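What follows is a set of structures for review.
In the two complexes below, chain A is the common chain; its partner is chain B in one and chain C in the other.
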Partner chain A sequence: MPRPPTDGPVEKQALTTTSEARKPRSDGSPTNALAADLTRQLGPRKVLHQLSERLNYRYDAIQFGVTPLAVVLPESTADVVAAVKAARAAGVPVVGRGAGSGLSGGSAPMQEALVIAFTRMTALQVFPERREAVAQPGVITLKVTEAARPHGLIYPPDPASFRTSTIGGNLAENAGGPMCLKYGVTGDYVTALEFVDAAGDVHRVTRDAYDLAGLLIGSEGTLGLITEATLRLIPPAKFTRTLMAHFAEVGQAAEAVSAAIAAGAVPAKLEFMDRACTNAIEDYLHLGLPRDAEAVILVDTDGNDLDTVTGELALVEQACAAAGGVTRLARDPAEADALWQARRSISPALGRIRPQRMNEDIVVPRSALPDVVREIRALGDASGFHLVQFGHIGDGNLHPNIMFDPRTESPQAVHDLAHRIALVALRHGGVLSGEHGIGTMKRDFMTDALDPATLDALRDVKRALDPAGTLNPGKILPDPQTPEAPHAHP
Partner chain B sequence: MPRPPTDGPVEKQALTTTSEARKPRSDGSPTNALAADLTRQLGPRKVLHQLSERLNYRYDAIQFGVTPLAVVLPESTADVVAAVKAARAAGVPVVGRGAGSGLSGGSAPMQEALVIAFTRMTALQVFPERREAVAQPGVITLKVTEAARPHGLIYPPDPASFRTSTIGGNLAENAGGPMCLKYGVTGDYVTALEFVDAAGDVHRVTRDAYDLAGLLIGSEGTLGLITEATLRLIPPAKFTRTLMAHFAEVGQAAEAVSAAIAAGAVPAKLEFMDRACTNAIEDYLHLGLPRDAEAVILVDTDGNDLDTVTGELALVEQACAAAGGVTRLARDPAEADALWQARRSISPALGRIRPQRMNEDIVVPRSALPDVVREIRALGDASGFHLVQFGHIGDGNLHPNIMFDPRTESPQAVHDLAHRIALVALRHGGVLSGEHGIGTMKRDFMTDALDPATLDALRDVKRALDPAGTLNPGKILPDPQTPEAPHAHP
Partner chain C sequence: MNHDIPVLTLGAQGEVMAHAVDACVHCGFCLPACPTYALLGDEMDSPRGRIVLMKEVLEGHLALPDAAPHLDRCLGCQGCVTACPSGVPYGELITAFRGWSEPQRARSPLDRAKRWAILKALPAPKLFSVAARLGQHAKPLAPVLPAALRGPLDLLPERVPAMQPSPAVTAARGQRRGRVALLAGCAQQALAPNFNAATLRVLARNGIEVVIPDGQGCCGAAALHTGARDEALRLVRTNLRAFNPDDYDAILSNAAGCGAGLKEYPVVLHGLPDEAQARAFAAKVQDISEYLHGLLQGGILEPTLPARTPLKVAYHDACHLAHAQGVKAAPRALLRAIPGVDLVEIPEGDLCCGSAGTYNLEQPELAAQLGGRKARNILGTAPDLIASGNIGCHTQIQSHVRRQGSPVPVMHTVEVLDLAYRGEL
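Then we have the complex of A and B:
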């Protein structure tokens, strides 16, 4: 849940770690032993130890954590190994970090830690004949496609933050994006990984038995620190066509989507915005969106054959009309871009409503969407919070967002509402996260999603790869002893 | 490696297990304590204890193992739980098994064990609106598509044995098939799993962090026994077109394939057969295949738009011609089927050459294929063994097959040749297995493929989920103490 910007209270929420990892707090001075040791080993250019510098590394795009003891900016796998070993020697946990654009708290330290920020590890090589790119974790997501495009290739995963997010962060959270309905998520494009484990050993793994690479992907740096990834590239579709449709009811939109997919259309992108979301964007940009519509969807079809692409869009258009929707086809790329501008501006539009928000990330069966959207709407109305819903409705990934002002509204109430939303998803056969990860935000909800025996199995896996619990403690796995404890101290 | 059909020598190759799991051998009588206990709990219909019955469960399609102490034929997850708990109480390891059509020894017990054969767990439900099927492990692969097709859906993974193989076996080995170039392997279609762990606890997992489902897939029953899988279904392509091409050199075929893919064709299937393979088929079926060609490829393109499908096939045809190949387009589905008959008959054709074969399963970068095929050919010629090569050349998956007669040819020499072939793949940046798994056949080679630290990490994962080492011992992971020991005792 959102943390107040102070180091105190969240201490209570740290995952069980060995006592050696819980050194007495430093006073924030630049002379703590770990920072000094790292500076000695790596040189001053790679280590941040001033409080003013460290403060920036305690939060991601939404969640707050604890100010790190020191920050290392490695330039090589060897630097990462040195940093992990130094932290281990000092009994300090390690938290990996990319651009900090995450939404679930994955990169926010939950106790005093060494942050390893990968932003300088930006080596990127494209191998067109293998249709692969080899990227260090600090490579910005968009750069992969930029480097591949001259060779007629792209890297499809496109999280909304792809202009700033890094490959390492995308891997840590197994990030998705609008294109994941047709093209899959980050993990689907990984053929090999290099990672540094809790002991500082370096491993190179492919997607063989046991799929250690798959285990690392989405593990938020709790099982190892990914230092290089080999990524699959594909040729981009030659043609793309865009449609917007709006509906008087959310159920109509969901029905149209299901009917279009059943008729054989597999849209490249399929985004949904509810009325509150559309109005937030309209207040912000005055794009002329239909303020009265309960649901707006944005659809791209793509492919190499124009007839097929327009044919698929026609299927979507017919399904929308049959469900009672009003459709609008983009006549050219400029108009398509204008339509998509609405989707891209959701985050800034919501930022104007309240200073903070909790961004949920549930996935539910497509057939359950009308009920789920309605139930969450009702929960939002009953709570009194400003709540908007949007998401990649094609694969059932919905982002209910709760807007709030922590000065006047209770973060505990926000957390409780997020919890009730998660329970709606689980009741309809859904899961807690589609593309943001579990992080700190949803780790308490894991006890709802998984039975105790399975949670124990996850803990066994964690312990196997990180016996001392020093890798990003306080993430994904709820505290085994007192799962409800974090609720008590918002 | 291939085992002689006797229980003795392979004992040496069992993975380290707890001493409790190594009870004195039973004399094969139906009255061993475990069989008696299981019969009491599950009833006589679900337990096989006669030697004549148990003998059938000691091998897969190629590899031999040890005759099991007893065989359970569970009809529910509860039966599996009871069987695992009974085996645990008796200190006997557990080996899961589907149709036994595997090629790497995954389902062959390597020490006296309880075999759990899933062939009676055949419940299958299709949920068209979710585009998913829920299958028990004993469902035959083909049945999934047969059940889905009336709803306009298919299940793409198509291992060569899909008419007999089971979903459980496919999951255990993460099976591929010709369609995996365009459509992916078994694991790509799994959205959720139920499994029974080493202690007999039941878990249900989706593809969340940590991706325990992904870890189970391809783990050959060494981390848990999968008792149910939720599988993604997709609409089949409306049109398919087929082409055969032959070449004077293997390099030309590889060049044609790379050029076609670079030009934008993504074939649904792309199979390669070398001269020895083509001649074996020709000796068997007299299809009129070109006996002098060093390489024959079979290509399907598919899609929903006929122009695109024929356009992609034209790209392949042009690339083949430009590389010096001779092409032949199938005029109709019957002719396409006749061309594919060649590929389907490889196994029976090879069975006529020698009574046994070792079927390798390497994957190498497509660009390395000409060198790899040449080097393996040279190794085969130098060894004196009859060696043929075929495989899904589109994704670099090559199956060098070593034919041999264990009465006159040394299984150790076969194993050594297979090892040298594996080393060729690794030297060219390849991996040990594309779709057959590691099993017993390639576990010795794992020390070549992975560094010691990474192997230790895999062992840590194994220990986390199977602390006593009772789940399918002797598979995937080489013996940590004496990795070369198995070589000494063929």
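Then we have the complex of A and C:
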């Protein structure tokens, strides 16, 4: 059945296509009581119940999960409340979803569920006088800066996925990005949140008293569904300079980073990619990156005083040269833009190497970086897998990726290697996730990372806000009953 | 993306499809590039969603009629291909899928008649010209006709120009510096005969001899992209016989859709005995703007006269030029080379105008929304002239710009050059 147009924005009106109107579909009417109830309450335009539609709401950028029973595309907080209450009445769990660009399986349902996908909640207001924006969760990250720029303001958090990912997804993962080295992560820019809890009640919270907003940030949709956020905006720096350096060995790059920061440079961005990454990017963008170098780092310094900006860049340049690197300054903003586009494309460009990957997201102290990247390199070489590394190295945030082909390589072996990498990070005083979340990917490793008392405290928090465990079940917390979580592939 | 597509039973085109599905890492980078996702905001009408739907159908988990509405809404604009860092050949996937699925589809008699008419009329310039003329007379009736017929009528120009037969050989002016073959195009010959006339004048002026080989036909793209694979194979082979790549420096097209079609021949014939021949042919194919840009870079493009008054030109990227063929810099460089031209970029420039082959006929509502959006974006730059390299975009943009009350002229890039050479720009 075609979904007849309702009162939504004109450009999104559902359409009766000629072929759709004529062809009977094999699953024409809601197939389950929940879908039927939701359709009655919200109207057909906001509820997807056909298999062809539901199939598309079972994956994120890393994992395929269980096909949901129904999907709701809410347009207001009231729609979300209705959906959560209907799911609760039907005893069906709820999974929130933004753009499905997550890298830890967060929006892939682990059991039959109701998916609430926020892509049509896209209202966005900018209040330049108080340097804030109020965004619904489906607003695409980049749009916030685009809307703020005419007022001389920007929204700094810039995950590489910022053209695709949503504010809701960013909040739920506490997303970072290259800018977070100097400017901080998503959570640092949130002043207030509205969320719907597991019972369907609406709450508005700020950052004082118990910082409940802070608790929701990074909770991966397991404590509540964020329906609105008040975000802080800042004026952009007047000057930015960009530098690229390449090295004959990955450890050298890490040494340069430690040295530059120790020397007092506070780069706006400081990113790293290894040889496999540069080559995958070259195949896509043909920028003339050094294909033979084992590691490349990309640096921005910025500020309102040009001397300071170039001075800081010189510190980085010296540190790179001292570590044995070759440096190159971007001649103009266009060249700098191209280099940053290259950085943003690494992750998907790796698809050229193998169809499947396990994406790690560890953070280690900067002083440990040289040892950590070398140890991980050695683990990769010994494993026989294609292992690549890149990341926000200035923060000590690394993304070792294990590339594999599930038809010829054992997913269990991939999981084991990922586990060994996680242990390297923990051994050097690091943590399991910098920005992508725990999701299902690193759930098993939580018992290595946290002591039992701390894990119990997390379980208590979860129970307090979601007593029945209906919000995004199977994520973050290892389930004491079923310790073995599914692996990183369908 | 992991899959169980039964490649062996699907043959060579199955390999093409499985390879594309394999390459997709479902990252979602393509979502913002997709016009239907921009309009509808749901995953099924996004490139990533469509890849999953095709995979599910090929694996046998989903019935074709369930997936079809979402796949039918795809413009084939390949905006997603440009956006995809993993190098997923989405265009090859959807084309192969349409060829594979079309024979299995139950279509109503009216639907089938419409498709038959499109497939027969588009490739036959004379027939198309007659139909266009008939349509022109029917225009006043448009308000009372069913939507399916109104769409195409809306697109017809106010006056359908007379057919201008093109000469088989156009001699080079002055010293001969090259010899090329030109694909004359189908609907374009009827709707915009000046595109070819301007092309011949500009090439001749630059010392290039142009041959329009006898026996050539439609490039086959329309047939291929609507799933009529047998018809497409017939047309492809006709052209392989008509154009001997060894005889020419280049085989040129001045219609982005056709050019992209010609460059696709090796994929169409993948796994068939004439694949190598298709490769040799495709290696010679260039868009007119690519070829002229080559002359410009070689320092041998005749300079044009300056525009008579400073001119703000908005260049529209045809999807089949920018996304399917990756030609973005060449036409811009050619236009910028005309003294007095100020080139402006169009907001949301990568989003399709909604014309996309037969889309206006098959998805009139979406096509109209996209056309309106494109016209608003273009007119927002307040241009004196709009340039583009594809007949489909040309008619679509002209129609929507007029609908929004603007008289700004819309021209082919090569027409702009032609005017500049004659001092009439």
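We adopt the following convention: the second predicted complex is superposed on the first by the 446 of 490 C-alpha atoms of A that agree within 3 Å, B and C clash if a C-alpha of one lies under 4 Å from a C-alpha of the other, contacts with A are read in each partner's own complex, and residues count from 1 in each chain.
Please note the rule applied: a contact is a pair of C-beta atoms (placed from the backbone, for glycine too) under 8 Å apart; a residue touches a chain by one contact, two chains touch by 3 or more.
Keep in mind that this is a model prediction, so the values were computed, not measured.
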Looking at A:A323, would you say it contacts chain B, chain C, both, or neither? Reply first, second, both or neither.
neither
For A:G437 in the superposed arrangement: first (chain B), second (chain C), both or neither?
first
Would you check which partner chain A:T164 touches, where first means chain B only, second means chain C only, and both and neither mean what they say?
second
With the two complexes superposed on chain A, say which partner A:E53 touches: chain B (first), chain C (second), both, or neither.
second
Using the touch definition from the top, say if A:M403 reaches chain B (first), chain C (second), both or neither.
neither
So, A:P348: does it touch chain B (first), chain C (second), both, or neither?
second
Determine, under the contact definition given at the top, whether A:V205 touches first (chain B), second (chain C), both, or neither.
first
For A:L73, select first, second, both or neither according to whether it touches chain B, chain C, the two together, or no partner.
second
Considering the complex alone, what residue numbers of chain C touch chain A?
1-2, 22-29, 31-32, 38-44, 48-49, 52-53, 56, 61-63, 65-70, 72-73, 84-88, 106, 108, 111, 148, 362-363, 365-366, 369, 373
Chain B residues touching chain A - in the complex, by the definition given at the top:
128-131, 152, 174, 187-188, 197, 201-206, 208-212, 214-215, 217-220, 223, 235, 258, 261-262, 264, 266, 303-305, 307-308, 311, 365-367, 431-433, 437-438, 449-451, 453-454, 457-458, 460-465, 476
Taking the touch rule as given, give the residues of chain A at its contact with chain C in the complex, in rising order.
11-12, 14-20, 22-27, 48, 50-53, 55-57, 59-61, 64, 73, 99-101, 117, 119-120, 122, 140, 161, 163-165, 281, 283-284, 345-352, 355-357, 406-407, 489-490
